[in-house]
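Going by the order they are written in, the chains are A, B, C and D; count residues from 1 in each one.
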Amino acid sequence: MSAHFLNVIWVALMVATVLTWFIGKSGQMDTGAVVAILVIAALKGWMIIYDFMALRRVRLLWRGAVLGWLLATLALILLAYWLGLK
Amino acid sequence: MTGTHGASHSSGHKLHHYPPGDLAIWVFILAELFAFFVLFNAYAFTRLKHLELFNEMQLTLDANAGMINTLLLITGSWCVARAIAAIKANHCRHSAHWLLVAIGTGVGFLIVKYFEYGAKFSLGINLDTNLFYTFYIALTMFHAMHVVLGMTILAFVWKKAMAGGYSAHDHHGMETGASYWHMVDLVWIILFPLIYVMR
Amino acid sequence: MQYKSQAVAMPYFIAAIALFVAQILFGLIMGLQYVMGDFLFPTIPFNVARMVHTNALIVWLLMGFMGAAYYLIPEEAETELFSPKLAIALFWIFLVAAGLTVVGYLMVPYATLAKMTGNDLLPTMGREFLEQPLITKLGIVVVALAFLFNISMTVLKGRKTSIATVLLIGLWGLAIFFLFSFYNPHNVVRDKFYWWWVVHLWVEGVWELILGAILAFVLIKVTGVDREVIEKWLYVIVTLTLISGILGTGHHYYWIGTPESWQLIGSIFSALEPIPFFGMTLFAFNMVNRRRREHPNKAATLWALGTGVMAFLGAGVWGFLHTLSPVNYYTHGTQITAAHGHMAFYGAYVMAVLTIISYAMPIIRGRAANSNKAQVVEMWAFWLMTISITFITLFLTGAGILQVWLQRVSDSPMPFMVAQDQIALFYWMREWAGVFFLIGLITYIWSFFIPGEEKAKA
Amino acid sequence: MSEAFTTSTARNIFYGGTMFFLLVFLALTYQTEQVIPKRDKREMLADPMVVAGKKLWETNNCIGCHTLLGEGAYFAPELGNVVKRLGSKEAVMAFIQSRPTEGIPGRRSMPNFNFNEQQLKEIAAFLHYVSEIDTAKWPPNIQG
C-alpha cells in the first residue's frame, strides 16, 4: 500500500465523517437520510477493512468475516430503523 | 515471530492465506466484533420500543464531540497504516513516529471523551438514568476502554519500534497491534452514526 | 507414572468418588421429598438434605481438582512435588473437616450448629452453597493456601508450562474469590451482590480455567498432539471464558435490587458465554481427530470428549436458554435453573474430574490403562450417567416450563404449592432418572475392581 | 493453526483481556454501589429487628427450601414478596407458628422452628424489609 494511496483514503474518510455529521445537523431525519448515513458508514468501514486493516489481499474467508460483520450489522440497524419509521 | 506478510507485497495478485498480524489477535478481534454486533443490535431494537425516549435523549448528546472523535480515530488508524508502510520500507524511525502520533490521537480521543462525560456527569446523569443513557454510557465507555487497551498495545509496539525491534523483514508484532487498533476504529465508524446521529 | 509423588493424587480421587456417592444418595432423598413431602420428615428435612447434596458436590469437586493438580503439576513441571507429606496431611485435614461438617448438618439442628461453631463471632452461615460453619470455612482457606503453596513451589522449581500456569491462575482465583464468603453485609442487596463473586466467578470463571487445564493435559497425553498446538487452544478458550464470564456475572443482577443497567450488560455478555464452551467441544474433537497415537486408555478419551459435549450443552445451551433478561424475568428461581445447574455441573466439572481420574488412576496403579473389560464397564458407566443426567435435565426443564406457565405467565397465576402438585409427574420421572444415575455410578465404581492385566508402555 | 499464531501472543491476549474485563467489572461494581442506595431500602436496616431477622433467616437455613428474590432452593415458595402475598407481617408470623411439628402426611411441610414471639417479629421485619427492595418489578405476579 503506497503512502500516497493511504493519504487519499484518509482524506476520503475525513470528508465522509463530516458529511455524516452534516446530515445529522441539517433538518429532518427521514428514510433518505438514514439510508445515506448507513451507506456512508458502509463505505467508510469498507475502506478501513480493505486499506487500513489491509485485508484487500487476504483470502475471502478472513476478508469476508470482517466485511460480513460490517454489512450484517448495518443491515440489521437499517431494518430496525425502517421498522421504527413505519 | 515470523514475517510472513512482509516481503510478499511486490508479488502482486496472490492472496495471503492469513490476515496481517498474529492469528491469535484475529480470534480476539472477531470475538470483540461479535460482542459489538450484539450491542449495536440490542440498541437498535430496544430503541424501536422506546422511540420517543431515544429520539428525545439523543438530542442531548454532543454530536460535535462525536464527530471530532471520529476524525481523531480515523487519523489514528491512518497513522498506524503509515507506520506499517514505513516499516515495510525499512524506515524504523519514521515508523515509530507514526505510532507515536497514533497514540496521540488516542489521547485526544480520551480528552474529548473526558469533557463529554464531564458535561453529562455534572448533570447527575449516570448509567441508570434511563434506558437510553444506559446504552449510551455502556456502549461508549466500553468502546473507550478499547481505545485505552489499543493505546497500551501501541505503546508496547512503539517501545519495541524505538529499540529497532522491527524491520521490513520482521514486523509481525507491529501488524498484530495495528490490526487491533483498526478494529477499535472500525467499531466507532458504526457507533458514531448510530448513537449520535441517526434518529 | 513419571514422578512418584504423583501418587498422592490417589487418596484425593478415592475420597472424591466416595463423596460423589453421598451426593447422589442425598439427591435421591431430595428428589423423593419433592413428590412425597413427608419422606424422612422431620429427621432429615429437605434443607438439610440439600446442604449435604450441594456441599458434598463442591467438596468432592475440590478434592478432584486438588488430586488433578497433584497428579499433573509434577509431570508438567518435570520435578517431584514440593512436599508430598504436606499433600497427604492436607488430605486428611480436609476429609475430616468435610466429614465433621456433614455429621454436624445431619445430627444437630442448623441453628444449634451455628451457635456451637462460632457463627455469632462472624455470621457467614445460611447462605446458599456457603452454609459451612465458620470453622469449616476457615479450614478450607487454610487447606487451600497450604495446597497452593505446595503446588506453586513445585512449579517454581520446575518447568513452567502454559497448562501449569492456567491451572495455577484458576486455583489461586478459586482461593481468592472464596474469601468473599466471609463478607456478609446486613444489606440483602449487597449480600447477594458479593455472594455471586464467590459462586459465579467460581463456576463461570476460574473453575473453567481449571477445567481447561485438566482437559488440555489429558488431551496431550491421549492424543500425542503437539503441546504447542494444545496450549494455543487452551489460551484462546480461557480468554473467551473470562471476557464473557466476568461481565456475564450481570445475569444474576437482574432482579435482586441491583441497577437495571445490568439487564443490558448481563444479557449481552452472558449470551457470549456459550462460545468458549463451544470452543472446548471443537477443541476436544479436533485434537482426538488429529491424534498421533492410539492410547490404550479409550475410556479416558471418551470422558474427555464427553466433557466437551456435555459442558457445551449444559453450561452453554441450557444456560443461554434463560440468560436473557426478558426470558429470565419469567424463569428466574424456577426448575429451569435447577435443570441448567444439573447438566452444567455434570458436563463441565464432574466429567472433567472423572476424565483425569480415568486417565491417572490406572497409571498410579501401575499400568498404562485398565484391562479391556474394565474399560468397557467404565464406558457403560459413562453412558448410563450421561444419559441419566440428560433425562434429569429434560424432565426438570419440562417441570420448569410448566411451572413458569402455571405460576408466572398465566392470567390467573397459581400459588406455588398448587403449581407444584401439577408437575409432580415430571418430578417422579426425574427421580427415576436419578435412580439410573446411581446405577451408573455403582457401575463406575465397580469398574475399579475389575483386574487390570494389561501391562503397556506408560 | 499455523506459525502465524504464536503462543506468546495468545498468552498476552489472555492476560490483557482478563485485566481489561476485570477493570470494566470493577467500574460497574462502583456504579452499582452508587445507585443501589436508592433501591435497597438500607434505611430500614436502622431497625435492629431487621438485622436480627436476617440472622435468624440465615441460622435456620431458610434458603435451603425457599427462594429469596428468586435465589435459593426451589422446594418452597418465594419469600421476597411473602409479606405482600399474605397481606401482613402478622399473617406471616401466624403461618410460621402454625407449622405442625410432625409435618403433614404425604405433603411438604415447613418444620416448626419453635420461634418465640420476639423472633417471629424479627423474621417478619426482615421479610418486610426484603419486600420493599426495588427488584425491577420482579416477580411477575404476587405468587412469586
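To be clear about the criterion, contacts are C-beta pairs under 8 Å (C-beta built on N, C-alpha and C of every residue); 3 or more make two chains touch, one makes a residue touch a chain.
Keep in mind the model is a prediction, meaning the values are calculated, not measured.
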If a chain touches chain B and chain D alike, it appears here: C
Busiest interface, counted in C-beta pairs: C-D
Chain whose mean Cα position lies farthest from chain C: A
For chain A paired with chain B, centre-to-centre distance based on mean C-alpha positions, whole Å: 15
Computed distance of Cα centres, chain C from chain B, in Å: 39
Euclidean distance of C-alpha centroids - chain A vs chain C, Å: 46
Multi-chain contact residues (two or more partners), chain C: 232, 235-236, 239, 243, 259-261, 265
Where chain D touches two or more other chains at once, by residue number: 1, 5, 10, 13, 17, 20, 24, 28, 31, 35
Multi-chain contact sites of chain B, meaning residues that touch two or more partners: 17-18, 24, 28, 34, 127-128
All chain pairs that touch each other: A-B, B-C, B-D, C-D
Partner chain D, residues of chain B touching it in the complex: 1-2, 4, 17-18, 22-25, 28, 126-128, 141-142, 145, 149, 152-153, 176
Touching residues on chain B, where the partner in the complex is chain A: 9, 13-20, 26, 30, 33-34, 36-37, 40-41, 44-45, 47-48, 51, 63-64, 66-67, 70-71, 74-75, 77-78, 80-82, 84-86, 179, 182-183, 185-186, 189-190, 192-194, 196-199
Touch list for chain A against partner chain B, complex: 1-3, 6-7, 9-10, 13-14, 17-18, 20-21, 23-25, 29, 34, 37-38, 40-41, 44-45, 48-49, 51-55, 57-60, 62-63, 65-66, 69-70, 72-74, 76-77, 79-81, 83-84
Chain D to chain C touching residues, read off their complex: 1, 5, 7, 10-11, 13-14, 17-18, 20-22, 24-25, 28-29, 31-33, 35-36, 39-40, 42, 45, 50-51, 54-55, 57-65, 67-78, 101-109, 111, 113, 129-130, 133-136, 138-144
Of chain B, residues touching chain C in the complex: 24, 27-28, 31, 34-35, 38-39, 42, 127-128, 134-135, 137-138
